[in-house]
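Below you'll find the structures, each written out as structure tokens.
Same chain, two partners: subunit A is paired with subunit B first, then with subunit C.
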Partner chain A sequence: MTVKFRVERDTLADAVTWVARALPNRPPVPVLAGLLIEADDNGTLHLSGFDYEVSAKVEVNAEVSDPGTALVSGRLLAEICRSLPGKPVDVVTDGTKVALTCGASRFTLLTMPVDEYPTLPAMPENTGMVAGDVLTEAVGQVTVAASRDETLPILTGVRLEIEGDTLTLMATDRYRLAMRTLTWRPSSPGASSIALVRARTLAEVAKALGSADEVSLALSTGGATELIGFTANGRRTTSLLVDGDYPKVRALFPESLLTHAVVETQSLIEAVRRVALVAERNTPVRLTFTDGLITLEAGQGEDAQASEAVESSLVGDELSIAFNPQYLLDGLGALSLPFTRLSFTQATKPAVITGQASADAEDDDDTYRYLIMPVRLAG
Partner chain B sequence: MSRRQLDRSGAEGRDHGLSTDDTGCGVLHVDMDAFFASVSLVDRPDLHGRPVIVGGEGRAVVLSATYEARRFGVHSAMPMSRARRLCPQAVVVPPEHARYAQVSHRIMDIFRSVTPLVEPLSLDEAFLDVTGARRRLGTPAAVARLIRRSIAERERITCSVGVAATKFLAKLASGRAKPDGLLVVPRDEALAFLHPLPVGALWGVGERTEAVLLRYGLRTVADIAHTPRDTLRRMLGDAVGAGLYELAWGKDSRPVVPEHVEKSVGAEETFDHDVDDPEVVFRELLRLSERVAARMRRSGVVGRTVVVKVRFADFTTITRSRTLGERTDVARTVYAAARGLVEALGLDRARLRLVGVRVEGLDDVGSSHHQLALGERPQGWREAEQAVDRASARFGAGSVLPASLVDPADDPTGPGG
Partner chain C sequence: MRLVIARCSVDYAGRLTAHLPTAVRLLLVKADGSVLVHSDGGSYKPLNWMSPPCRLEESDGEWRVVNKAGEELRITLDEVLHDSTHDLGIDPGLTKDGVEAHLQELLAEHVHTLGNGWRLVRREYPTPIGPVDLMCRDADGISVAVEVKRRGEIDGVEQLTRYLDLLNRDPLLAPVRGVFAAQVIKQQARVLAEDRGIRCVTLDYDALRGIDDPTARLF
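On to the complex of A and B.
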């Protein structure tokens, strides 16, 4: 049985590149290094990859002469497609080989046994729709706070909470917590569910599907396999959910915040970056809040030192507090508004970072909140 | 307690053919003779003149031995079993660490009554810069005699003193004067004293470097002194080569620095019997971690790198280290890292002879900081361990212990127990 089709170079290259990203670096079984090509008689090419945890599948149009299925090395195919000239690509299988011709270039690839390839998990039923740009922004805002420490798998995930038309995303690595709420279109008004998705997977999904107007989110929980799926623009990806009980993090936000300062976001980011240049790995920057001014300092004793002052307004008592500069920058960089509100109770308690539209706005934007734990200094 | 034991010299070291001109020789190296053994013998006149070894039960190592025992080849750091075979008639006495510390403390006080520039190297040796004591107490040799007399009178133990222009020569001289001796290395005669010595006498020449030097036919310090500096660098590397060349010409510019700054804090334990039970190993790691962290808190330092040392039954020894995100003086944190390191070895019930825990990368506690975790109580393990420190200060060490270290068969010691 031969397979034969012709497809545009750019279409193929985009599709193959995206699917190949889902392929495992060290496949647990050899066939998982493969990229599955299915050509159907409706003129559609289905390309898929799977690593037992994440699956990716994309559909593109092609001129299919002979429908059928072939499995080839995904990595090699992706490299070849990236280098092809901008001409139509002809693919024909011949026994255990695949011939790929594009202009004057010709490649022959070995195939892998299709019948050994696992069945991709079925896409769960659609749970709701979210705007692509909103999803991308929200994922970027929370994944900065997710842990990269694989020894605590739960904290490498982003928790999704669906309650009617509100979707909440949150992530924490124990030192900071990012939480974003957004409005979406659930498929049923009373939707209520939770899911824990690997932050890395979610970031990949947002990158691949975020350009779409709308992304469909599909969730199957409570069954034998707990799965989340995303679909947009003919691309679909599924991922197993992370197992385990997520800590009750909402309660970590302080109930009342006595003091807050408002500062221009970009000025503060630049000042923190500059003083942090003298902060050795893991040493803090110290922020002193007085009326009209935030003074930033880093370094101490015989080490290099830096300080800078930034204009700011203060409501409440003056306060000195220290933070890991990277944690602070992650939170400030995730804000989408020109001004930052920093709210405190005391120097050893968590501070809350939110955005606000103007320096003298009455309220801050509470759809995104970044909770950051301070560094305690000796003495 | 130098391992390079030499012939007994005259009390003033005239056997070395040196004059007694101590002009410009401001550095003293004072080294107690067989310190632990001597202290243990102070109230045991019946043991004087007999071979005595200080060491623990079973499989510990020799901590100290009298010169009578050393004549049989016994030296410190040797396994007790071997020492007993070499000298079966030796009397073995258990170590009395608290007492050694007290005596050491009083001896250091004697030093400090002579000069503020005292650099202790261990419990039983120190460098003294006595340049400034000349007018008040006399020449360096006179100060050395005064120190030897004071220690002999007050503590009834002997020491040996080297007097020279540099630390390196003073230390060599005290070794040559042992036991119960005094040796001045006059400035003009430093090279005459130094050059005939074997290369192994130089600071920094261990077994490996010595082997390299011997392979090139360099046997004495004079041989090194007359080898071009660049040749030494090629043989031994830049730093070592250049350093040895300087030392071989008697050059050593290091000053006597009061208050020896510790680079690490550590503790280790030789098991009574080889151990293959991971629970026993972990319990020992916890005990050592508690001890190390308590010492760090006492000296006001925090450290970043935790090092474990494991010696197998066949004496193969390995160390593994882990650098923490932030410096600590908390036993629980030290233990977690130490345990993780040992678990990562995949010992699979290998038989262990010794385990050790050390913390390096020390810094003053005042410069330390701690990234709080969300939901972390401001009062944490550190505060709990500080409370234990206070209890230990009042009721004695071990009055409060982690539950896993309490021996159910053993009534906890101390009145507060």
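On to the complex of A and C.
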């Protein structure tokens, strides 16, 4: 049975590139290196990839002459599509081969047996809708704090908590904790569930689907396979959930904060970056908060040293505290507002970073909170 | 082991030609016949050398080291400053730092890192093809064979697969599941292990040793 269709080069290249990203680098079964092409009667092309954990599927329009299915090497197809000239692409199968013609270029690819290809998991029922830009921002804000250490698989995930129209995302690597709450449209008003999704997968999803106005989120928990799915713009992706008990991290936020300082976010980021240049691996930047000023210092003794002062306002007692510069920058960089509020209890206890709209605003924005553990200073 | 310190120049003729101008150098003549020319630097690497099998011909002021391929190392000695020979006896060989053995011991003490309610049956559980590192029972009482490695590579997975194959023939033990535990697990090894239904666990040596400082963390 032959398959024959014609599709625009850019449409095909975008679709194939996205699906190919989900393909495994080292497929345990050769067919998993394949990208499944299904052309149907209605002039739709379905492209899919799967690695048993994450699946990706995209639909694009094509002029289908002969509908059917073919499985070809995804990586090779992606590379070919990226390099093709900007002309319509004709694809025809011929026995065990696929011929791809675009302008004067012609490629012949080997096919793999379609019947050996696993069935992609079904998309769970829609749980709710979230705006694409909000999802992208929120995912970016929390994934910075997720662990990359495979010894603690649970902490490489982002925890999602759904409670009515509030969706909370959180991630921690035990040195910092990022938590973002946002409003979404659940499909049922009393929605309540939790899920743990690998941070890397979630970041990929946000990158691929974030440009959509709305992303549909689908969750199936409690069944035999625990799955999360995202759909937008004709693209859908599913991922298995990470199992395990997520630590009770909400309680880590201090109940009352005694001291807080407000500073312009961008100038603090730049100052930390400059001062951190002399902070060697695993050495902190020290911040001293006095009225009207934050003094940043790094390096000590025989090593290179740097210091800088940034204007700020202080409410509460003066305080000296030290942080891992990268952890501090991750938190500051995740804020979406022009001013930063740094709140403390003691120099040895975790500090909270939040954004606020103006220097003299009464309240900070508590939809995003970044909790950071200070580094204990010697002596 | 013969140690000679001499002012010498060296010429090598073989697959390539090399020349070392006159300078004071250390010449090592090892019991296996190899000859190495060292300068006072460059770490473990000799400037020039000849691997065994080779033959040393000494004549007045000149050494010729020749191997079967006809390659030749010619050392012209201007002045010998030191010449001594020591019998080093038999070398016990290099032992690894013992991390792997220590990991096995630590994991045996902290079997719960593998799962809640796990019990250790014994370390070095015998099989006809050699002992498997740990034999445990999980919370449901199912036997689990654990192979502990410092670096988890393909051959470790193969080794565990062979143990599992044999252990599963024992009706009193079967079914036996496998856990491949290592400080780092190579992606290839992980793919192979998971494809065979073997669970991969990355071990945190510092945490197992208890030298991790929880006060530096949030929790």
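In the analysis below, the second predicted complex is superposed on the first by the 379 of 379 C-alpha atoms of A that agree within 3 Å, B and C clash if a C-alpha of one lies under 4 Å from a C-alpha of the other, contacts with A are read in each partner's own complex, and residues count from 1 in each chain.
In this text, a residue touches a chain if its C-beta (ideal position, glycine included) is under 8 Å from a C-beta of that chain, and two chains touch if they have at least 3 such contacts.
Quantities reported herein were computed from a predicted structural model and do not represent experimental measurements.
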Fit or clash - subunit C, subunit B, common subunit A: clash
Which of subunit B and subunit C A:300 touches, first, second, both or neither: first
First (subunit B), second (subunit C), both or neither touched by A:322: first
Touching partner for A:252 - first (subunit B), second (subunit C), both, neither: both
Partner chain(s) touched by A:377 [first = subunit B, second = subunit C, both, neither]: first
Touched partner set for A:28, first subunit B, second subunit C, both or neither: second
Subunit B versus subunit C as contact partner of A:284, first or second or both or neither: first
Contacts of A:350 with subunit B and subunit C, given as first, second, both or neither: both
Touching partner for A:150 - first (subunit B), second (subunit C), both, neither: second
Touching partner for A:109 - first (subunit B), second (subunit C), both, neither: neither
Subunit B collision site on subunit C, chosen from 61-69, 97-105, 169-177 or 187-195, when both complexes are overlaid on chain A: 97-105
Common interface residues of subunit A - those touching subunit B in one complex and subunit C in the other: 172, 174-177, 249, 252, 350, 371, 373, 375-376
Subunit A to subunit B touching residues, read off their complex: 172, 174-177, 249, 252, 282-284, 300-301, 322, 324, 348, 350, 371, 373-379
Subunit A-touching residues of subunit B, taken from the complex the two chains share: 325-326, 365-376, 378
Sites on subunit A touched by subunit C in the complex: 24-26, 28-29, 149-152, 172, 174-177, 247, 249, 252, 350, 371, 373, 375-376
Touching residues (chain side subunit C, partner subunit A) in the complex: 185, 187-188, 191-192, 194-195, 202-204, 207, 215-219
